[in-house]
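Okay, so subunit A shows up in both of these, paired with subunit B first and subunit C after.
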Partner chain A sequence: MGDSAYSFSLTTFSRTGKLLQIEYALNAVANGRTSLGICATDGVVIATDKKLTSTLVDTAHVGKVEAVDSGSGMVYSGVGPDYRVLVRKARKSSQSYYRQYREIKPVTQLVKSTASVMQEYTQSGGVRPFGVSLLVAGIDGDGIPKLYQVDPSGAYFGWKATAIGKNYVNAKAFLEKRYQDDIELEDAVHTALLTLREGFEGEMTSENIEVGIVSKADGKFRVLTPSEVQDYLDEAT
Partner chain B sequence: MSRDSNYDHHISIFSPQGRLYQMEYAFKAANTSSGLTGVAVRGKDSCVVVTQKKVPDRLMDPSSITSVFAITPKIGCLCTGMSADAKALVQRARYEAADFQYKYGYPIPVAQLARRIADLAQVYTQSASMRPLAAVTLLIGVDDEKGPQVFKVDCAGHYLPFFGTASGNKEQEATNFLEKRVEAMRDYTADETARCAIMCLGSVLGSDFRGSEIEVAMVEGDGGKFHSLTEEQIENHLNAIADDADA
Partner chain C sequence: MSILEYNGAAIIAMAGKDCVAIAADTRLGVQAQTVACDFRKVFKMNDRLFVGLGGLATDVQTVDQLLKFRQNLYELREERQMSPKVFSNVLSNLLYEKRFGPYFIEPVVAGLDENNKPFLSGMDLIGAPVYTDDFVVTGTATGNMYGMCETLYKPDMEPEELFETLSQALLASVDRDALSGWGAVVHVITKDGVTSRELKGRQD
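Right after this comes the complex of A and B.
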C-alpha cells in the first residue's frame, strides 16, 4: 500500500515518544456517533446510534452493524468509509480461514487479524491510521460469548461491556452501574437500549438505532429488524 | 512529519482534532468550483437527476458540455465538481460496472456500484500519494428487487441511499425544498418525479429557465434505460409546472 514516493511512514514518534497520528485518529473516533456492546452469559449485543442528518436519507438501507460471517459481527464509531474497508478485509479473512479449515473463523482470531491490519496502517508508508474503533461480537470456538474493542492503533481489548464514540464516558459509567457478571442476553439488550437513550439527542426510535446480537443458542450473528427493535423499545416503556 | 502540524493540510493525515483537512478541502472544491447545483429525486418507480447546463462561451459546442453520464444502460449519474475529476470517476465507474458484468454474468446493482465508487474514494483519503477527487456523484437506477434507487457518493467515500438529495453550490437550499416533500415523493409518478426535481432547481436558483438551460435524465420503471430528456420533453415539463402554478 502507498506509493513508492511515500515509502516512509507518516506515523512517526514525536519528541515525547508519542505516535500523534494515532492519538488524532482516536479523536476522530471520539467525534463519531456512540456505539456500545454488552457481553452476557448466553450471548453478546452491540448497538449504535444511527441518527442520520436528514429525513431524506433512506435509513432502512443504511447498515452500520455488519455481520462478518455467520458467527461474528461488528459496529464502529468514527469514519464510516474507513470502517467499510475493515469490514471487507474481515469478511475476506473469514472466508479464507473457512476455505482452509472448513470451520467458521473464531471471533478471537478475527479480531487478531483485523487488529493486525489496523496496526499495519500505522507503520506502512504513505498511509494514515484508520479513523475508527470497532466493537466486535461473536461466540468463540469454545462456546464463550466475546466482545472486543479494536482501536486505530491496532490494540484490542476484551470487554464485559463498553462504549465508544461521542458519549462514551457517560455511557460507560452507566454500564458499569448496571452490569452484572450473570446478565443474560435479553436483559443485556434492554440495558443496551437504555444506555443508548441516555445520551441520545431527540427521540430514539427503531429507525435511528441499530442493534446486532449473537446468541449462544444458535451461534449466529444477526442484525435485529426494525420491528424487533421496536418490540424491545416498547417493553422498555 | 506529525510534529509539523501544517502538514495535515497537504496530505491525508489526521489533524490534532481528528479531522482530515484534505478531504474537507476536496468537498469545498467539489461544491463550489463548478457553480452548479444538482438535484436527484426518487419516485414510486422511477428516478431523476437534474442540473443546470452552463455553456461558458457562445462559441462552444453545447453538446460537449454535460454533467450527466450513463454508467451502464440502466444506471446513470450526475457528477458535479471539477469536471476532469468527474470524468475520471465516471470512467472508473464504467470500468467497474463492466468488470462486474464480466465476472458475475449479470448487471451490477445500483447499491453495489455506489459502494464500489465510495470505496475507491475512501482510498484517496487514506493514501498520501493521491489526493481525493473533487467530485460528488448522484447515482440513479431502478433495481429489479428494490425498485428505484438514488445514491449520493461524496469525496470522503460516504454513500447513502436517499429519497431525494442535492449536491453542489445550493445543496442546502435544495435539500430543504426536498425535505418538505419527502413523504409525497414515495408515490410520485415519473412525470411528478421529474417535475419535483425541476421545481426544486428552479426554486433554489430563483429564476426561470428554458429547456436548453438544464439537463434532465431519468430511469423509468423496472427495465427502464437511463436516458436524457430532449429539450422538447423538458419544455413540456416546464410548461406543465407553469400551468400548475397558475392554476
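Right after this comes the complex of A and C.
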C-alpha cells in the first residue's frame, strides 16, 4: 500500500482548503455509469446500468453488483478495477469479523471499515484515492434494511433512496418524487427499474442492467438472474 | 505443581429456568501459603454477562482487563451490548492469539442472551470452547465439582433453588481441596437483575 520511497501523501490541501484529488475522484464517479438504491420497509434494492461499449462484449461475465457477505452487497459508479479492490477488502473484513465474533458483520460496521480504508488512501504515502462511490445495501440482525453511500473521501451517508454516477441529478429528482416511507420491496424494484430507464441510452434489457436485492424474509443478499430481471421488466411495461 | 495450580481456584456456573448463577471461591494462595481470602475471580461484564477466570492470578486480572478493553471498543463501535455468545468467542480468540505462549487461565462464561435464555460456556487455556446447557466448572477442584454438580443438578431450577444447589456444590467441593476455599461469592442473574451473596464456609 504505497511505496516506501513515497513517505508523503499525494493528496494535499489547496489554498482554498480543498483536497483536489478527492474532487477529481468525485468527477470520475460522476462520469461513471448510473447506480441507484432504494430502501424499502422489507428490504433494499440496488441496481446499475452495465451498458458496455460494444455489442460484442459478453455482459454475463461482468459483475457490478457484488455480495460481500450473506447479509450485504454493494454496487458502484466510477472506476471498475478500484471497486474490485474494495469488494475484496470488504469481503475479507467480513470474514475476519466472523472469526472474531462468530456473528455476521453488520452493514453499518462494514460501511465504517470500508469508508476507513477509502480515507486511508487519501492520506497515505504514494497512493491516490479510489475512483468510486459505493452503494452498500444490507439487513443486520436487528432486521432493519439499510442503504449507505460511501464516497472516495471516505465520507458515508445513510439514504432512503439515492443515485450516483452519470445521471444522478435527474435520477434523484425522480426518486424524490416517487419515494414513500412505506414502500415495499416489490414496488421498490419496479421504481428502481423505472428510474434507471429514465436516463438510459437506448433500450434497457435484462442483459445490460444488474439488480441486487436483500429482503427481510430471508435476510440474504443476492443478485437477480437475467430471467428474474426480465420478469420485473415485463411487469413494468 | 502445575502453573495452573499455583494460586488455586474453584468456579462453577449453572443454568436454571431463565436464569444463570456463577460462584467462585475467594482464596488467593502462593502454593500452600494462603495470602488473601478476598480475591475476586468472577467479573461482571454487564448486567447479564459474567465471566469466571480460574488459574494464574496475574493472568486472571490481565485477561479481565483485556476483555473489558475489547468489550468497550465493541460497544462504542457497534452501539449495542455484546451478547454472551459473541463474548465467549472474543475470549476464545483472545486466548488462541497466544497459542504458543498462553494465558494460564481456564475461563467460564455465564450469561443471559437476548431472549433471556441461559448461556454457558467453558474453555481451556488456548480457547477451545465447550457449550453446555447445565453447568460448567473450572479450577483446582474440578473432579470434586463435576461430582457434586452431576449429583445435585436438575434442570429448570428457579433462582432461589439454583442458588442453594450451586452453593452446596461449591462448598462441598472446596472443602476437600487444599488450594481453594477460604470464602466464596455467588451471583444469580435473572432478567430483573443480579443478586450477589457471600458464602460462609470453612476457613481452612
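Here is the rule we use: the second predicted complex is superposed on the first by the 237 of 237 C-alpha atoms of A that agree within 3 Å, B and C clash if a C-alpha of one lies under 4 Å from a C-alpha of the other, contacts with A are read in each partner's own complex, and residues count from 1 in each chain.
By definition in this document, contacts are C-beta pairs under 8 Å (C-beta built on N, C-alpha and C of every residue); 3 or more make two chains touch, one makes a residue touch a chain.
Computed from a predicted structure; not experimentally measured.
Looking at the shared chain after the overlay, A:Lys177 reaches neither subunit B nor subunit C. In the superposition on chain A, A:His61 contacts subunit B only, with no contact to subunit C. More subunit A residues lie in contact with B than with the other chain of the pair subunit B and subunit C. Once the two complexes are overlaid on the shared chain, A:Ser14 sits against subunit B while remaining clear of subunit C.
Shared-chain residue A:Tyr101: touches subunit C; no touch with subunit B. With both structures placed on the common chain, the touch criterion links A:Lys112 to subunit C but leaves subunit B unconnected. With both structures placed on the common chain, the touch criterion links A:Val85 to subunit B but leaves subunit C unconnected. Taken together, the two structures place no residue of subunit A in contact with subunit B in one case and with subunit C in the other. Subunit A meets subunit B in the complex at residues 1-3, 5-6, 8, 10-12, 14-15, 19-21, 24-31, 52, 54-58, 61-62, 79-82, 84-85, 88, 121, 126-131. By the touch criterion given at the top, residues 99-103, 106, 108-109, 112 of subunit A touch subunit C in their complex. Of all residues in subunit C, those touching subunit A in their complex are 74, 77-78, 83, 85-86, 89-90, 93. Only residues 1-3, 11-20, 111, 115, 118-119, 121-122, 125-130, 146, 156-158, 160-165, 175, 178-179, 182 of subunit B touch subunit A when the two sit together in their complex.
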